[in-house]
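Pasting the structures here.
Next come two complexes, and both contain subunit A; in the first it sits with subunit B, in the second with subunit C.
Up next is the complex of A and B:
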């Protein structure tokens, strides 16, 4: 499934609203990219521009070698097109029984989709999205409405993605999937922190625990819960 | 128009004038041209056009079935532009101030708060609708007139859920019934003039034209 030459180029893009402005510049290659930033810093707008669904005020976004793309919104309701869970799974061209088994929320195919809680709907939605292959997968706040256990399960599924570009927009501070590259929005500018694990030392939005580990010379090699645990238990470099 | 009290009165008088006669509707349109920023008073043009198209379709059906479709279209279009103007001029807190001023600390506060929340929700509907359309297309499903039904279902469901969550938050924060606010309104001369003309338009709308003009027979 690996496609050579797949990349997303953001060339001096700007966007603004009455309360914020954003300038972005960078190249996103194959792998999992994490974009962190405060609430209201323009992450969702950047995701829309990356997907070509919103024109930037200045600059260009170029999607090279990308034919299959998906943008997952923060609110999973927006993606619902079926009445029942079975219909919803089929709208993603997936086998309903397989999806229901994977999500494990104790429902049947005839259960109305909108009778699910937001957390359950989010799990169903992410399971459907992660079961498909995309050259570019943009996930806007994928961890919202999920508890820690579910976040970890979704992270494991995300980490299994072996092809394409995955960009995660989040202000999450606890649970992360395997990440190859970190970006962050600071003072209205998209900043490239670099590849993992070196990126962690330049990451201003790093969770307090990660910052503590870095300050004590135990920089995690991975942002996954296992990676953090390994760094915390590390006794020498 | 800065005074929400005069804005509300104008909206009421002008809507009534437009509804009762075609003369009133035409005068309302002239009032709109004179006292509002005209096209800038329409915040969501696509929604405005969609409503207008719906009125055109209904008026065509009425005309084909022997009713006065043109009169219906003119009157409804006038009401639509007044509604759009009121919506575009509304600011956060207007309804709360207006409700409390009009009906007091209990009923008025509560009515104003509900109206304010409804307006906030209306603001987000357009964004929600756009996102649903994007998500449907990204799924590989074509967006057509039939897509409006599932999109509407999601929007209504989401609105009910948000209302439920808001009610729970208010209850948790100790809200029971009513509240205190000291509304302050700024009334300009142009507001008063616009209000007077709105009242005159309503009177003219009720009077037959032949009472005013000597028509040659």
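Up next is the complex of A and C:
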């Protein structure tokens, strides 16, 4: 379902902590946006401001046409509200049996949520999040704690999102979903690298393999595993 | 050597395993028993049957530094400075020496700017850096890290390898989901459904995983 008139406008926003400061300016339109940045560069704070959970020191964040929004915190344990898997699934208004089948981690409804490993908890959390549609979906480090196989599965689910704005804050270096636009935080400033695939050539935080592909004239057209494989196997333009 | 004999604990089943000094990476699917394995190595969990020995001693009789996979579960104190000082204070290290060691460790770890910060105000990655510093500050013989690189950027991950080698730890056991990182270690364990399915050097183990997502990208597509 296409959502018309949906935009996230970051207008000269600033935020700071004792050890960093951040200036951000940009318009996020429909599609999947990737934001990379170093530890402590303000990625999570920017996510909170985009979600309206933290006020910027200066500037404004405007969510145009956005009525359904979700922020996924970096730490899945911050989202837990139920004692058991069943309670947790019901807190998302989802059918526990369906979620358990989808997560595929060999648990039952009565299994205590906090007895799961961190990777299992992240899988449960992301399955609940991605079961619904949002006009604005903010994912803070969605790939941390996931094993390599699960990263690919979650990326496939993210790539299937056909509407709304998805913003992924990550320092992941290996597995990515389909991405439309790349941003990064460099020297305390949110920098717009542009639309894919051209953005890759301006992306300072690009993974080493991607940088090598660019330097050998094989810029990937997609960041997905298939896109990287195609670029790596490309023999001529 | 770290030796394992007839371990039975939760889903973990290890008949016999030997880990040599060096950096050992532990990889495998979520929920396969990696964290349980690390907790047994650290002496945090004790198997119902079987034995783990670090050069002939029980883990609880060995100096071990441990970083939990849940960053907040490493935190005991309010400020970074107190958190870093805690392993030294617990062993009644004189105040002056504690202060000097905390400053030196923070400098090595690049977190001097964080010393007066409140732990709860740190980012996820910063919490991991502090937990790592606290694990290293007493110069443990065994350093055990449960996916602490999942919260670090690429630059910090590369730097982490330098820190591990400089830590002086004879044994480093690290669970990671970064296969490029695992490829740089001395040894590799692949755990699946509670069993150590493959053990050896990365050059031996990774080819056995070449048809899985656990094979390093840079090996699959050398550019």
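To be clear about the criterion, the second predicted complex is superposed on the first by the 237 of 237 C-alpha atoms of A that agree within 3 Å, B and C clash if a C-alpha of one lies under 4 Å from a C-alpha of the other, contacts with A are read in each partner's own complex, and residues count from 1 in each chain.
We take it that a residue touches a chain if its C-beta (ideal position, glycine included) is under 8 Å from a C-beta of that chain, and two chains touch if they have at least 3 such contacts.
All figures in this text were calculated on a predicted structure; none of them were measured in a lab.
Aligning the shared subunit A places subunit B and subunit C in steric conflict.
In the superposed model, A:53 lies in contact with subunit B only, and not with subunit C.
In the superposed model, A:91 lies in contact with subunit B only, and not with subunit C.
Measured by the number of subunit A residues touched, the leading partner among subunit B and subunit C is C. In the superposed model, A:137 lies in contact with neither subunit B nor subunit C. Residue contacts after overlaying the shared chain place A:6 against neither subunit B nor subunit C. Using the contact criterion defined above for the overlaid structures, shared-chain residue A:69 touches subunit B, although it does not reach subunit C.
Using the contact criterion defined above for the overlaid structures, shared-chain residue A:77 touches subunit B and also reaches subunit C. Look at A:146: by the touch rule set out above, it reaches subunit C but stays clear of subunit B. Once the two complexes are overlaid on the shared chain, A:168 sits clear of subunit B and of subunit C alike.
Of the stretches 21-29, 93-101 or 147-155 listed for subunit C, only 93-101 runs into subunit B once the two complexes are overlaid on chain A.
When the two complexes are superposed on chain A, the residues of subunit A that touch both subunit B and subunit C are 75, 77, 118.
Contacts from subunit B toward subunit A in the complex involve residues 128, 131-132, 134-136, 138-139, 141, 147, 150, 153-154, 157-158, 161. Those residues of subunit A that touch subunit B in the shared complex are 51, 53, 69-71, 73, 75, 77-81, 83, 91-92, 114, 118. Note for the complex: subunit C touches subunit A at residues 28-31, 34-35, 69-72, 113-114, 117, 121-126, 129, 147, 150-157, 177-180, 212-214, 217-218, 221, 223. Those residues of subunit A that touch subunit C in the shared complex are 17-19, 36-40, 43-44, 74-75, 77, 105-106, 116-120, 122-123, 141, 144-152, 171, 173-175, 205, 207-209, 212-213, 216, 218, 228-229, 232-233.
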